[in-house]
């Protein structure tokens, strides 16, 4: 129904990752191009505004991902490289205290200068610089540079997802409700397939000792995904599909947002303070009429069969308790996902919103990857033996290991080739602008 | 030194105001064009961002002034006029509760759509509509329409000044310190004239009964400028020039910002909370080096001889007490200004920042108009017998008559033909982003 | 119906004020005793808590009024006087920056120590010290000391009123709704007199030039009441009685709190932010039942004939506009009050809440003094020629001349002998915990 | 050096817990008496004030623990029991949504009524009611009542610790720095024992599969301590003593509070926002002089050999990273503590502040219980299979399982007989007013 993103260009998969400098360079160039392609449907005006402190302007994402390569790859490793503008080091450093002063996060939306065109010029020159470096570096330098480029590619893919989250948030604040890309005018896109969601079935897991975490032999992983280690699980059950909008409407009909017995104390306090009555980006055109949601393809009626999205951890947790179930731990999720292919409604498919599971599909869990990130019951913390890298790279993940909760899987705006079974996404439990939903678990 | 603004077009003066529909229409067209000319040096990105809730994006100013004419002139008076987009009535209504719902003020900077180009198209069609209406309306309709157009012209001129205040505030937040228009690279522009400010001299006024307020026979005035009425003044003295940067640097050198004995209680509380140490938009490139200020022509060293600008009422009041003087009341100011020509460093001169008084000029007050608005000691309230107009127009001024202080004169960004001896500008006493300074007064 | 306050002790009137040191000393002793008598119905627990930053604990009022005499009278003038505890100078200085460091206002309620008993001991020793000083000082010293003692007496009377305002605010936060003094169990105390309020009649005033402000020959006045000076008034009319609860209920029935056309912009913003639906301290025991109000004598049904009380300036101003009238200026009020006796339902009468006017009383304004303070349309500022006293005493009034509005008259908790025709009370326009109501005015 | 608390009354130990109704009743009576004994050194004024929203007034603790028994034990189980005052059910319900409306937490300090004397009367009658119930109930009722009484006893003991935390916080805000109980005038109490802290030694633990969590057969435990379950640990090392003040002073000397590389991102943001430079309740009488700390025995110089106390999780975590170590997980702590006696500087010893370890003591960990709670690296969440009790009791612990971190051990103000190896205390990572410190761990 939708054209694939990126002009049909399928990004290289992880399989051949870094086999040779040439392949890595090609992947680097493709990912850099993808980011620009994601910004292309937007006017310059759309790219400069920050709709809340958690979000960043598109232009800032374009600049920050460029800063990452200039600061961490070109400046140390490409002889003769001089910064295009020294102040960019201040403007586009996100949170790396070890690398110097930083423009305040909440003020990123005030940077009407440098104009977009200059940021894109800078992007182009840095992209070319990295390609030059990879083409010219000797083997010793390459051994140091290639892991940084690989990290930068994955970093840039994270910002591709953030860019789309942030654009949706921005457009959802606008009474004009602009579409990032054209949709199909208010008809739920999957109506042709089915009217009713796939029923919930459960898969039992026996528990016991398992290995989780990133295995370096399997290719790239962020530092927070390791070390690989043993976990001990009790027997548990996991739902075969994510919670749907139909499920969520039932929770709402049962007054779920107001019944304290389902909620964590911090959760209901936040729900009351912010007057939550439905997931973020839901709205009703008529006071008591049906619910709609704002999507990257503009306003759409709620599709009952699609996974619910844009709920906080607090809401997910309350829904689980309402359902007599619970959220899975991240270890339970990872063990259950083992052996399943990393495929689904991810960004390359170009849908840009969650889609219903195929009701005819049978046997075991569906939609583990794509559609919606799945909140887990696990606080985001270090794995046993975790040690952040030395230097600025060590600030990448470790210093955020407080107050956040792990999400697993990937969403409809997660770039292809970016997620893995052991991938650990994380947000604060009150945050709702990510493409996050949930899957139920229970004790066996 | 600077080219006049507006491509040399001198706007029609007040003298021939509204003599005929044709002259009013020409003035209308010129003012509409001026607004667009003021926006022209800005990129679309510059025009969409709101740097604080008190400010509005340039695009919003362009839209709001258009809304004013569409809503109050075209819709009621031009047969067959339909709104270009009904939602603009919501997006661009500022504060007229009687005219319906309004987009929240603090969220004006989230409106990346409609894009600038569409707002400019809308502007053009509304401008043309008003011109068509004035060309085609019969005498009865004209008698109703012409006062509204006249009001709309003055309203638009207010927003021209706000637009420039807001652009300066935005650019002052940007570490790149962009210039709205090119200056002369860090040389104080008046260095050629003199090194030392004009000395302060005082003019004595005998007090007694005087008339102040707008005389309808003298042309246009806002409702808050009337009724014309008698006031009783004690004898007083008024300084012949505004307070200069050199004066202000002395206040700072004497630790004026920290000495509570000079300050109103609310004033020093605000100064401490916001860590004021100098006027807004002042900065020091080197920790203990000389002060600079950010201007519409980019960063400039402080010119000792120029009037101080971007100070709050609280600062102005504290400075006056430090000087053993006080601020004048608005009646004192108006009586002293009677008989002086309305001329000075206003927007048409194109300087865009305050300039020193000519030290060779002698005899009586200088710089009453232009350079800087002058804070008075008068709380902004209704004159005796004041009654706001019926309907939405009645919301223009009256409902703001609380907690604000009157300023008189006009500034270097006040449009030509906009100010009068009885003109009452007003801001909250803590606000600093207006081009506001002060002139001292004393009891005789 | 109620016993007079103070065990029947009638305080000396102003007439013989300061005729001799002995009379001043007697008045001083009486006022000191009155403050303690006002605190006597309260438990120590009641006297330590601060219910909002605008309020102070009773114990703090007891201490601060003692600090005033120790710091400004005893330390400079009584040889050999040593502070009872040096830290009290920090704890009980309110806002006199010139006198040293101060405990933060909002933290006054954390001072569980010194215990009440020690503060009362300190009070007693300071009271005795002042009496000793007045008995022993020579004529030169007396000439300096007596004005300070006189100021201290009036200062202490101000705190008597604040003490009762603050106690009511504290008790109104308590679901037990305790009474400061026993009332008569829910029966409106004036039901016996009349069922209907006195009708509104108006007195016309011709305008012209008048004298207002304090005349030093007439006895004590605060510095902000002078200098006496001429004002020029337009003809005006003043209502003969304050606005009643019956009037206010009509405003509420007409949806007055929600109709923006009656309100100042800042006013309705505050009303919405704080969800005002009725005057402060009003409540409904049953969701749609009749309104009650919390008073110093406990909860009482609303008496329609009594003046409305505990409204902000914003509410008073909106009510006036709803009524097609306006608030008087302070000069209009003072000119109209000239020649009327300073008498009414003040604190000595012991009622402690506003009472209906006697409907049989005829001819001219009633209730000018007592019952409720009357909001005026005048911003609180300096009179022409006002100059605060030198030294710390200069901080008493002058530095608050911003953002506040003048009230005139006096209330049911204003001490006897404390108010005058020229007395200027002042509060911020949003504040509601004072015993403030309003009287309407109009252009003639 | 200090007298034991409670007039020498040693509370019954856990060993005979609930062996018979008579023994439980005796323990109940003793704990009720202890709470009153803890309040006894305070004036009524001290008992009514709330120094921050996290704290509660002593009087509220006295009332809430009484409410717990009246509401959950007497009303359902003692025939004929009527509430002493129905509004107490609103005033003294803390957070049990299922039990009805609740006075706002942040407004507990406004309840000057009911006066302390009435709360104590209520306490006495409820205590007697419970004793009567236990003496008169039949076996079936006793089987239901005894677990509630046991829970109420442990609940009351938690509030005993909170009461002392809150009193210290209150007194620490007071410039008078009052002592809750007399100390020994500024001499560090352990100076006689040693000048230098016990050196750090480490105990190695082999990891593997262990059981943690509460075993119901072992007596009382809160629901959050179970179910008992297996955990899988990697080999680790645990320091034999908590971090001392000497250690902490070194961290401060190394600029530890400002060096971002040691801190979680949320942690340093909080440290900057609140300007942390030392543990809570530390102060310097002279600007650059030695540090002191405010304690329940008044101000004391920092004792280098005593465990550091009143640090947040963020500070503890930063210190651990500064030390090249980490915090233990709660499972690591519990496994290491297995087999060690529950004894130490707990409340019954009457010291009321942490004390140095005996440097002569050798072999294995010291101070596991008492002195300071020890922050762990574990987010507070449910154990596998955890299910809260049905009804209101289910709100006791479960709904707080978000955003908080587990602490283990017990402190110098933890009641005797209250802690266990599996006891899980929890606070938000920024909170500092608990008697919390830390013990280092490391990977083996």
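When the chains are written out, they are named A, B, C and D in that same order, and each has its own residue count from 1.
Following the convention adopted for this analysis, a residue touches a chain if its C-beta (ideal position, glycine included) is under 8 Å from a C-beta of that chain, and two chains touch if they have at least 3 such contacts.
As the structure is a computational prediction, the values presented were derived from the model and not from experiment.
Both chain A and chain D are touched by no common chain. Using CA-based centroids throughout, the chain positioned farthest away from chain A is C. Work out the mean CA point of chain C and of chain D, and you get 47 Å between them. One simple way to say how far apart two chains are is to compare their mean CA positions; for chain A and chain C this gives 60 Å. Computed from the mean C-alpha positions, the centre of chain B lies at a distance of 40 Å from the centre of chain C.
Every pair of chains in contact is given here: A-B, A-D, B-C, C-D. Partner chain B is touched in their complex by these residues of chain A: 43-49, 51, 59, 87, 90-91, 103, 107, 109-116, 170-171, 173-176, 178. The touching residues of chain B, counted against chain C in their complex, run 95, 97-98, 209, 229-234, 260-261, 263-267, 313-314, 317, 377, 379, 381-382, 384-385, 399-403, 429, 443.
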